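In order of appearance the chains are A, B, C, D and E, and numbering begins at 1 in each one.
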């Protein structure tokens, strides 16, 4: 059974349709790329499946169960975790506490257990000096912290919204390896939004392409990237 | 289209309610409008500051109090009428407001809202207490014959002077509207209120604009303070009840909606006077205000959620 | 917390009794931010200075320590604690608001020091004191004393001046405790036996952010009272007159009972022949040497006119105590209480102060109020007749 | 040189973003490229006085403007079209455009003339002249933002991601307009849409991790495999 | 190890504070009571603030507690001590009911609504003459414990200890993570499983219980109240100012602020009988202008000053 299925998912903001009739499915263990030009509706789409926004129409199902209108915190408890495009560190919490939040509230762990979980995950992601303030972290570390927090939710489905943005090439390489490793080891279904196509090519088995809210193409990156509609969407005008 | 129809409906409804009240108890409408004028003309300058500088000035009423004392001294010394005195007084309070802005508020602009709030709370205490030291708590009042101007309609006699406050409120609304939409400085102020970063990008000096708006609002509240002493006694604590009232009226109207402040004031003034019209409910008149605020705010939040 | 204790300890030490032992110490609490308390405390200081200049009492100097009660019960209570335990005063004085007195009473009871109270009119204060508080000397009349004396006053005035006819009485009262208790007392004391028809309506005082009397005046006008009485604050005085005039509301007697009057009230054209309840006015200088002495001394010392009867009342409190100590020959509490019971002080209030039992407490000083009238810029006493300085002008002139 | 940046370092709070940028713009059109977070917008913010430089210098027409307040920089003759547009949503197109010139000495005297230029460039703005900007679509708002910047008659026009959130057809239009403009004004533009923007620029810099990694002419960049891989990975 | 010393010093301080009556007179105890009352209110206000919600309704719940306690004693003949618990529970139940409506509001709208509720409580007590004594208020037959300074001090101290304890629990438990996450970023909190409304409700109810309890302790200590004393706006504004001056989002900050302002006000009053309130106002202005992070922030900066964390001078961001 597919982990996450949407059908006809649509979101309109006072007239403007940001996500238009998107149907797709995500399977266990796969890394799915979600690409499209700026403003195509990728982030809105993730908001809809993670419960931050409620759709105008259409449905979302998680492991066969309809969760279209479940509140975000319930989805997180069920096993859908995500990071944000604009970094969202909880700046008044220490690094370790940031990660613990995921375990404490999604999995109802005690602080002690949550701390252990958080420490393990941070070690796995090579994030150290966990008693620091988040303001002392580099972008790379913040991104890792956000992934760690999402993993602390012990999700089955994970969405990563532009986690590579702002990283240098070495960091990007490391991050790609990390994402691949966690996806395999934890049998996760991972959805990745990225702008850098090299990353998408290397990381994903399959991509979906959104443009102006609509799903315009789906398939392995190599195929999709040759799709004329996609090239047009990216490069603008007849290339 | 739908909006227009709604607006027409609203106007019709309001007119009908007003007419019904007028027939039932004319004085309710008269007294309601008169107090509404006073509420609104004190609240509007605060609304200007809140809309553009985004500061809740807890010393707003105290600015008016200071203006009232200046007017009192000026009028008592020279025999000037407050309506004449309001011009020099407005200049003085504008300068006063500007200095207060430069010395205190400006420094706290980047601080969290709460710091600004407590800062202006400190200002309010200091100003009240300074007035208390200089003038004692004993009240002062000048008397003018025109304040008791009266009108007879049938058996009904009522004071008409306080309608002047509605006039002042309307003048302020129209004046501010013209200033903010017709002059470059006004447009710049509006722009700063809507997007300070965008304003700086086009070369508007945001800090100077804030100072200017503060001075302008202080001038307006100064004028109000000058006129206030015609019909009311003054004492050091006279301004403070108006601060909260103004703040709540602005919240009711929605920040940045200056004409709405008059609307909210009329709603409040008339509802208060409806309760005052009955013996048993007279003491409860104050509650109207707070119930109205909560209703409006909750209503807006529910509507906001639906949208 | 450690810091707190350290600072508290320093605080306790750093307020040394800056007194040479031997002084007779008077502890006073007044609301210093309010004109009543401010002038009350100043007048008390004036009395202390006068007595010291005349050689003091029993060869000892008087010393007045004043603490602001800020019109707050907890601050007032703390002030009592400090005056008694830190300053070791011999007597406590002052007071204005009943709310503060209620907060102070538990502390006062605990120490049993002599208290000469210049304020607190509410019967609730008397109830809280109870019958055992023999150390409590209350100069100010209780609210029911005031009500009764006004009822008596109007009875007598009508008898003496047959032209004055009062049957219907309307009381406009501010919404707070002061107005409410005035209304309750007036209703009881004027209403009994059907001598008067009493009605009333509350209004929000300008002092509390109100100042709109329209609906209240409307009710009053419809009632057509012979006597219109309002119990509010000085801030209400002129605006209410102005609105009454605008509404053409013209009662036979227009009477106000605020604790003080606004500066320059008499300059208003509307002020003439307004009546008022009170205890003292500068016009009493004409009939009382004590009043003149107090008045001249106050003006000379502070370059300001006493604006409230709390000034002569507080001034009297010091003299009452000084006289008692002189009589007792000691400051020992029981002896002074005995001496105070024998007080006969010709006060600047135009009457001699003695202590007699009230409803509950044993030592009540002044029991009556005065009825006065603004006449040509002066407050003239028109009742009680023995201290009258002028005849009443009746009726209140029609508005022009 | 119109704009001359030397060894610029800055960042936000404790986070250093720029690590020594050297960059200059003459009477030409210059592009800034690089992945998200590379520091393109931070360079612009430093020029505009929105962030203060930690080290290095910024000169505009020979005057040091590093650390000067934003309104000072704007009045000196640099107009910015920010990524977030930063318009006045509750005001009309007319007022937004007017404010673009009202406080800039170079723009104010020739306001009417500039308005003509802007309305010719974006005819849609003429149609919507009295409409509140907040009620317009993203693309139209982008045009207002560009128009507002042009009203200042700037010596240097900076555009931060001008095609962001725009339909491809409109993007093409915007770049058409830009290539007209560059005849008169120096332009500094950051853009993800490399191919379109390469048509409109003379020269470009590629920024990565707060430093300039490549500088070349438009033609040079267009044929540079590094640029292509960074964006499309093709 | 470090934890142990801090436990130990807390215990020592607590012991000293409990023993105060042994070596302090009635007056310092009285001042201390006032400081402690404000301190508890300041801490409780801060506890809700940690979620980002700014309440202007402290005086409302304080007054509600006062009245609940006074009326329970006067009309229901309840034991005064028990009435304090009753009042606390009553405030909690009210907060629970109100919370469903108002905890959906944010920022200024939440603040104004709490303020309006406070005024509504006051007006109700003012007008229900027969039930609440109206404007003249309620006078109890005697203060609790016969007005014994030491007992009253301990009672107030107990209230404060409870407050500090709960606040400390808030700092050390899941509440800390939940409230801070909500304050920093509601969206992120939601997608990490935080049920925002539930935690806000818990915080609102608990802080209301504390405020109601302190109100009840206040009325029982003085033996009387009126609408104007119980719902005095100062019970809202001073705790706010204290927390801010001390440093928000902590237990220690509001405590420091309460000591600073509480002691300053008393000291000024004795030094400057006429005009002390003006100086008080100026102190508030100066502290806000020159110590925007409060005393705790200042202390932290001074401690940090010794080990500069290697940032360039230019890094100081506005």
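FYI, contacts are C-beta pairs under 8 Å (C-beta built on N, C-alpha and C of every residue); 3 or more make two chains touch, one makes a residue touch a chain.
These numbers come from a predicted model, not from an experiment.
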Shared touch partners for chain A + chain C come out as E
Comparison of B-D and B-C by number of C-beta pairs in contact, larger one: B-C
Reference chain B; chain at largest CA-centroid distance: A
Quick one: point me to the chain whose Cα centre is farthest from that of chain D. C
Please work out the Cα centroid separation of chain B and chain C, and write it as a whole number of Å. 37
For the pair chain A and chain D, the C-alpha centroid-to-centroid distance in angstrom is 31
Between chain A and chain E, what is the gap in Å from one C-alpha centre to the other? 42
Multi-partner residues of chain A (at least 2 other chains): 136
Among the residues of chain B, which ones contact at least 2 other chains? 129, 132, 283, 286
So which bits of chain E are touching at least two other chains? 126, 274, 277, 309, 318
So, in the complex, the side of chain B touching chain C is made of residues 27-28, 30-31, 34-35, 76, 129, 132, 136-143, 145, 147-150, 152, 157-161, 231-233, 235, 237-238, 240-242, 245, 273, 276-277, 279, 282-283, 285-286
Chain A-facing residues of chain D, complex: 13-15, 35-38, 137-138, 161, 163-169, 171-172, 192-193, 195-196, 208-209, 229-234
So in the complex, which bits of chain A are touching chain D? 16, 37-39, 135-136, 138-139, 162, 165-169, 195-201, 212, 225, 232-237, 239
Where on chain B does chain E make contact in their complex? 56, 104, 107-108, 110-111, 113-115, 117-119, 121-130, 132-133, 244, 247-248, 251, 283-284, 286-287, 289-291, 293-294, 297-298, 300-301, 305
Per the touch rule above, chain D residues touching chain B in the complex are 48-50, 69-71, 74-75, 79-80, 82, 85-91, 95, 98-100, 102-104, 148, 152
